[in-house]
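What follows is subunit A paired twice: with subunit B in the first complex and subunit C in the second.
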Partner chain A sequence: MAGPLAQFEIKAIGGEAGVSLAEQSPYVFTNSALWMVITVAAITIFMVLGMRKREMVPGAWQSMAEASYEFISGMIRDNAGDEGRRFFPFIFSLFMFVLFGNLMGLLPYSFTFTSHIIVTAVMAVFVFVGVTLVGIAKHGLHFFSFFVPSGVPAFMIPIMVPIEIISYLSRPVSMSIRLFANMMAGHTMMKVFAGFIVPLGFFGVAPLIMDVALTGFEVLVAFLQAYVFTVLTCLYLNDALHLH
Partner chain B sequence: MTCGKRLFNVRGEFQRFYGAAGRSARGTMTEGGKKPSLDELDAKIRAAKDHAGLSQRQKLGKDRGNGDQARGLSFAIRLGTELVAALMIGVGIGYFLDRWLETGPWFMIAFFFLGAASGIMNVYRAALGYDSAVGYHPADGEEGDKDESDPNRR
Partner chain C sequence: MAKTRKGMMIAAAAAAMMPGVALAEGGLPQLNPVSYPTQVFWLVVTFAVLFLLMWKVALPRVSETLSNRQQKLSGDLQKAADLKEEAEKAQADLEEALASARAEAQAVLRKASEEIAAEQAKRLEAFDADMAVKAEEAEKRISAAREAALKSVKDVAGEVALAAVEKLSGDAADQAAVTKALDAASKANG
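On to the complex of A and B.
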């Protein structure tokens, strides 16, 4: 039986047979990449086909597409203000990508690319660099006053500034760790319980019930983590736009 | 399961917008004034939704006591991540400065303490419900709204 961590293994698709991933060319199409493509395709289908009819009174599908739009647009308005609206396309794409990636990872035989820290870290660093550039573009050098906390005595400033900078740099780290750790922990736990079902015979009912509950829990976590990732992006954007 | 409680805000918000989605689409589409009855319907939906939003908010207030455990756990995980993340960054900076300048362990030691300090500061701010890192300022926005928009609270 496959171990609980086997589900996170990266495999090449269509590569040479019998050659390990590390020995192949660095541009291999992997199962992770495949599921990203599937995710993007699913989002496109969901949004484009959902909005195709443009009914005045929306049906279920159109409502869902509109609801996701309104959800993100409301989130940006509440957390980043009206100036944040320019970044709607980016934040909406980010949310849908993470959400669909999390949810599709729950399908049997699928692959959860958000359970790999390299994927979440790239997204978090992208957000981090983008937000910093937005702040510098908007405020110029005044942006760096961000790192000087108000109400601190002058002799403390040489200590406080590096601390603030480290604190700022730790944002993408904690952001990416939170998403990847949640997804990975949940999937591992499900697999551990699933591994007990058959060997326990009749008593396998207990881990089976647990797994059913965990599946529901994972759906909630998938949504919550996508939400948290996006809200944090909005909050950081708000910081950069308004500098408090 | 207790975890459902934690998500209550998110789902409530989603449902709220689920309702709102239809309204805005209709608003842009009825400009031709084809069906005046839709406006009445719109007003009705809006009234019902305002009412529902209100009661949902009250429910959220009441909910606060029950979901404490789940919320507390997720908050604890968040605090742990904040602490470790800042420490990792601090030690990382120190390590690479040392490698670059060949200054033995000194930068790493100094930045270890700076990283620890900023980790504790992050935790302190998160615990006070301030905005995520940097600057001693509470999050923007009115107090009532904050609970819905602020991930610190989950």
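On to the complex of A and C.
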């Protein structure tokens, strides 16, 4: 029987037969890539087909598409102000990508690409670098005053500035580890409980019930982590746009 | 080899603790850098595609629909406000018309009652005058009748006196003397 971590393994799809992943081309299509493609397709179908009628009085599907639009639009307005509006398409894509990735990972036999640190790290670093560039483009060298907290006595500055820089640099680390660890822990736990169901025979009902409850909990975590990832992006963007 | 054995030991220990569950060998797949290039590559490709689809296709449709709805709503609200204003104006016009009609009716009523009162007074006056004339005439008639009656009483009294004198004395009485006596009597009686 597969262990609880086997679900995270990356397997090549359609690469050279009988060859380990290490020997495949670096661009080889994998189960992770497949679910990224499925996620993009699902989001596109959700948004484009949901809006195909463009009704004045929306139906259930169109309402959901509009609600996701207004949710992110409101999040940017509240956390990054009107100037953050320019980044709406990116932040919307980010939220939907993480959310759908998390949710589709809950389907049996699927793959959760957000449970891989490399994926969350690339997204977090992209946000980090992008936000920093936005800040420098907007404020020039004045952007670096961000690392000097206002109202701090002069003798404290040599201590405070390194702390601020470290806390700034740890943003992508915490952002990526939070998402990856949440997704991995939840899925591992579900697999561990699932592994008990059959061997325990009749008493397997207990882990089964636990897994049902965990599935509901994981849906919540999927939403919550996508929300946290996006809100943090908005907050960092706000810092870059408005400094302190 | 040592790594594999260690992994097997972990798996065995885990299997002892939780039957039926075996840990995957070789540690966390997430920490295996072999998979990083392909994951990064496909992440960049798929996310770029998603971003373009959202930016150029999906989001403009949503914002267009939302702004159309907003426009329709504010247009409808404006229309409703206009209609309300119109209705209020009509109401005010109606009230004004009612008030003026009421005032007109009151004026007509007042005029009519004044006319009636004037007519009544005129008629009353005419009636009074008529009555006064008639009363005067009646008084005249009464006094004439009384005079006539008094005169006839004198004549009758004269005749009675003559007849009584004739009967008592046996000869004709002096007409002139009787008349004289009667006048004196009537004067004494007032």
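Keep in mind that, in the parts below, the second predicted complex is superposed on the first by the 244 of 244 C-alpha atoms of A that agree within 3 Å, B and C clash if a C-alpha of one lies under 4 Å from a C-alpha of the other, contacts with A are read in each partner's own complex, and residues count from 1 in each chain.
Keep this in mind: contacts are C-beta pairs under 8 Å (C-beta built on N, C-alpha and C of every residue); 3 or more make two chains touch, one makes a residue touch a chain.
Note that the structure is a prediction, hence the values are computed from the model and not measured.
Asker: Quick one: classify A:P149 as touching subunit B (first), subunit C (second), both or neither.
Answerer: In the superposition, A:P149 contacts subunit B only.
Asker: Per the contact definition in the header, classify A:V173: touching subunit B only (first), subunit C only (second), both, or neither.
Answerer: Only subunit B is touched by A:V173; subunit C is not.
Asker: Applying the touch criterion given at the start, work out whether A:V40 contacts subunit B, subunit C, both or neither, answering first, second, both or neither.
Answerer: In the superposition, A:V40 touches subunit C alone.
Asker: Taking the superposition as given, does A:M56 touch the first partner, subunit B, the second, subunit C, both, or neither?
Answerer: both
Asker: Return first, second, both or neither, reflecting whether A:L235 touches subunit B, subunit C, both chains, or no partner chain.
Answerer: In the superposition, A:L235 contacts subunit B only.
Asker: In the superposed arrangement, does A:G3 touch subunit B (first), subunit C (second), both or neither?
Answerer: second
Asker: Quick check on the superposed pair: does A:Y69 touch subunit B, subunit C, both, or neither? Answer first, second, both or neither.
Answerer: Touch status of A:Y69: both partners.
Asker: Jot down the residues of subunit A that show up as touching in both complexes, subunit B in one and subunit C in the other.
Answerer: The overlap between the subunit B and subunit C interfaces on subunit A comprises residues 54, 56, 58, 66, 69-70.
Asker: Tell me, which parts of subunit A touch subunit C in their complex?
Answerer: Counting only subunit A, the residues touching subunit C are 1-6, 8-10, 12, 21-22, 24-30, 32-33, 36-37, 39-40, 43-44, 47-48, 51, 54-56, 58, 62, 65-66, 69-70, 88-90, 92-93, 96-97, 113, 115-119, 122-123, 180, 184, 192, 195-196, 198-199.
Asker: Provide the residue numbers of subunit B that touch subunit A in the complex, in ascending order.
Answerer: 1, 3-4, 6-7, 10, 13-14, 17-18, 20-22, 24-26, 29-30, 35, 38, 77-78, 81-82, 84-86, 88-90, 93, 111, 114-115, 117-119, 121-122, 131-137, 139-141, 145, 148-151, 154
Asker: Considering only the defined contacts, which subunit C positions touch subunit A in the complex?
Answerer: 11, 18-24, 28-32, 34-44, 46-47, 49-51, 53-55, 57-59, 61-66, 68-69, 72
Asker: So in the complex, the part of subunit A that touches subunit B is made up of which residues?
Answerer: Per the stated touch rule, the residues are 54, 56-58, 63-64, 66-67, 69-71, 74-75, 78-79, 81, 146-147, 149-151, 159, 162-164, 166-171, 173-174, 177-178, 181, 213, 216-217, 220-221, 223-224, 227-228, 231-232, 235-236, 238-239, 242, 244.
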